[in-house]
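Here it is: the structure, laid out below.
For clarity, chains are labelled A, B and C in written order, and residue numbers in each chain start from 1.
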Amino acid sequence: MTAAKKNSYQVEELAVITDSEIKGNKKLEVDNARGIEESLANSVTFADQKEYLIQALKSEAAVIVSSYQICEELDLEIKAEKTFLLTDNPRRVYAQIADLLTPRPYASGEISEKAVIDDSVKLSENLSIHPGVVIAENVEIAENTILAPGVIIGPDVKIGSNCLLHPGVIIERGTIIEDEVIIQSGAVIGSDGFGFATDESGHHKIPQQGNVIIESEVEIGANVTIDRGASGPTIIRKGSKLDNLIQIGHNVEVGEESLLVAHTGVAGSTKLGRRVTLGGQSGVVGHIKLADNTTAAARAMVTSPTNKGDFISGAPAQSHREALKEQAYLRRLPKYIDKIKKLEKKLEELENK
Amino acid sequence: MTAAKKNSYQVEELAVITDSEIKGNKKLEVDNARGIEESLANSVTFADQKEYLIQALKSEAAVIVSSYQICEELDLEIKAEKTFLLTDNPRRVYAQIADLLTPRPYASGEISEKAVIDDSVKLSENLSIHPGVVIAENVEIAENTILAPGVIIGPDVKIGSNCLLHPGVIIERGTIIEDEVIIQSGAVIGSDGFGFATDESGHHKIPQQGNVIIESEVEIGANVTIDRGASGPTIIRKGSKLDNLIQIGHNVEVGEESLLVAHTGVAGSTKLGRRVTLGGQSGVVGHIKLADNTTAAARAMVTSPTNKGDFISGAPAQSHREALKEQAYLRRLPKYIDKIKKLEKKLEELENK
Amino acid sequence: MTAAKKNSYQVEELAVITDSEIKGNKKLEVDNARGIEESLANSVTFADQKEYLIQALKSEAAVIVSSYQICEELDLEIKAEKTFLLTDNPRRVYAQIADLLTPRPYASGEISEKAVIDDSVKLSENLSIHPGVVIAENVEIAENTILAPGVIIGPDVKIGSNCLLHPGVIIERGTIIEDEVIIQSGAVIGSDGFGFATDESGHHKIPQQGNVIIESEVEIGANVTIDRGASGPTIIRKGSKLDNLIQIGHNVEVGEESLLVAHTGVAGSTKLGRRVTLGGQSGVVGHIKLADNTTAAARAMVTSPTNKGDFISGAPAQSHREALKEQAYLRRLPKYIDKIKKLEKKLEELENK
């Protein structure tokens, strides 16, 4: 993903890297990947539906990533001018190629004099550290990592290699970030969790002494907030992707390769399994476990544990099938209330006979 | 709106600018606009309801903006001491006057030495650029624009004239901002959209190569996130106003003069028409079109396209009238379930006769 | 809470401060407070349930905070090795001790040369002001307050003593913050409220001229947004605690010791009483009053005023008891619709007899 990138690639190199099959000119050199409408003469583009392939054939693009199946459906002749990379998963192949051909933003390879870096900080090779960055004491940063302008790193933080922290990201004290992590602007990693002990005199803060661990290949969206553990860590496991404006409570664990869509909230100490999907604006109560491959639809309010592969929706969330049924019944309610009224009338007539 | 402002105005000048009618002293000089309770001897205030007008008459204010209708309802004599600006839309007239008489925050007219500005940046006249601002390469900023402390501007950004970016605003690479745009603190414009291609090995990032275009007279709330297009732009059209903590997905288009209330989310590629209103905490799924003048109530979950002027609510959203009916039926459900039980009993009695 | 802290305490000092009773070694010296699993030989830990006490007895901790009741239930002998602090509210006692023994983050006691502080700013004793901080004109900051890296303070702000503003907090012009306030990273205090006057030509901004007042002992979560009053203040009263990503509209008043959970929104001019609790993702419409001790469950959509002590839920929110009933009826709906169908059939049979 973030291996040393080149400025251009031959199609045969891309085929090897992405495990796809070439139809056309193996030696063709390409230097960018674009959407169909934006593609240029030396672009790679992609088409995962027949109508898109028809558009792509008319575009400027030199190379089209598509699937065997879609490509077969089209007449051979009109395809002759283009070079194809064929696969069963064109979206994945395109993603890999586009990643190779897209420069990493903010990759200056320089450490700005306008950054403020504590003397105790350990920096590796080939870092890009921009103006306005502040790095506190006892921080370690591994090679090829980029800190865009205005990133703030609190004390005792460790950041792995090939990470990209966008402008204004805030990493609080003690956070551990592994390799190839991307964090979008304004995200806050390691804020204090919401923990208080209440008596008649008020709410007394329970110091939040844990930290946050973000495993490799995670992406965190803009203005997300991830609270540190009250004691022990909050963990975002390998390959998970969090959209914007999400709240993760203290001591939550997000399982590997989970997908959380914008405005979702997960309350304290809840554990999500592997490949859990939470739709936009959904919420999960604290102290429960969602099993691997659970999918919660947008706006679901999840209040109880799930079994592997459950698909749930609604508030409180239940089996999506049940939720749809309930909704359908609700929409038919007026009709049935009419029926009740008719029944009452008929029965009265019968009784009065 | 942001034409050169003066420190004080005569009432007759304000009447011309706002197209309102004077009753009283045309030559009166005023230098501020305030709420009724906060008004001073040389204030303009406003009253769009009769009870407010009664209060305003007792206040210190020299000038009262009100409507013909409300003013007529009151006795002439008690109004003699005040000067009036009369109109059919006192709120709009007051807004214009208050805007004229309120200094623009952070308008220093200076470029701070404590800002970090790349040599390639093109700056126009009369800019206010505060300490802690970072401006990357190839940025252009037009005249009279204000960058408050800690604003970060990524590479290749264009910002029009008379804009105001509050403290800590982050404008990501390639964003285009037109004139008279206001962005509240902590907003992130141009974060990467949530786009991944999944296979058995994980979620592969699809580089987000588009940008964000914010047309003139738009206002963006605090800690809002607007994702750049995956390919091509995300667009916020002229005169739209976005409240705080809103999420706008990649390639969304918000139509002219739309109003989006706090915590709203709009998923990728959805197009909102002109003057669409989305209530607080509402959500709109991706890839649909909401027609002009659609209004979605607070917390609506909009899952399908709308027709011009639709007023919708609920989750999933439906016609507000239907939603209210459904809710009313639901509240009457216990009563009807009782009726069913009675019917069963009666029927049994009849059968046993 | 933030009185001068020492590095270590004798158990008898802690007993006096927290009004708890010692069983064991009064002279024992402790220097940290930890969760059971993380505790060390000189730690204080706590156990508010019997199973936790059993764990705590096996842990490294020197001192266990627990309740009279739980402690009585256990055999005396096994407790002999540990020293106890007994109370009716172990969570509260632990919170106080942990607060005493946990160093304040970012307490450098220094004013960084890399902070930008306007000449007009009035600074008191023993401040910690970190690199990247920007403080505008006419600001006053009282003693022992900490501004972490990247905090931005607009003009005319007053901040009390013993406050802690985490990295990247933004305090807009004119805000007043009292003593012992904690604000988590990325929070925006004093953004403009959402106020416009609409006519056929567009939405005209009504300048937001009020401010925000945050009373003492308040804690504000990460990336929260609190709008300034349109005219007059928005107020967060003493001892209230706001979780992350909350939106507070202009001229809202949050009553003393209220608890607002993440992603909650409160619309303009609404007044919350004392000890109001709003669950996660809940919302309150504008211009209403919620009485003291109102509790709204997670995801409640509060559209009308409440009476003292009300417990409400649902959308629109109603008595929680009613909401549960409604939900139960809804789940039984399919069964009753079956009954209606049977009744129809039977009645038909009867009629045809």
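Methods note: contacts are C-beta pairs under 8 Å (C-beta built on N, C-alpha and C of every residue); 3 or more make two chains touch, one makes a residue touch a chain.
On a predicted model such as this, the values are computed, not experimentally measured, just so you know.
Steps from chain A to chain C, minimised over paths through touching chains, total 1.
For the copy pair chain A and chain B, the superposing rotation over Cα atoms measures out at 120 degrees to the nearest 5. Comparing the contact residues of chain B and chain C by number shows a mostly separate set, under half of all numbers used being common to the two copies. Annotation: 28 Å between the Cα-based centres of chain B and chain C. Of all residues in chain C, those touching 2 or more other chains are 132, 150, 168, 186, 223, 245, 263, 281, 315, 330, 333, 340, 343, 347, 350, listed in ascending order. Put simply, chain C touches chain B in their complex at residues 116, 132, 134, 136, 150, 152, 154-155, 168, 170, 172-173, 186, 188, 191-192, 194, 196-199, 202-207, 209, 223, 225, 227, 230-232, 245, 247, 249, 263, 265, 267, 281, 283, 285, 301, 315-316, 325-326, 329-330, 332-333, 336, 339-340, 343, 346-347, 350. Chain A meets chain B in the complex at residues 1, 33-35, 37-38, 89, 91-92, 94-96, 98-99, 102, 105-106, 112, 114, 130-132, 148-150, 166-168, 182, 184-186, 217, 219, 221-223, 239, 241, 243-245, 257, 259, 261-263, 280-281, 298-299, 315, 327, 330-331, 333-334, 337, 340, 343-344, 347, 350-351.
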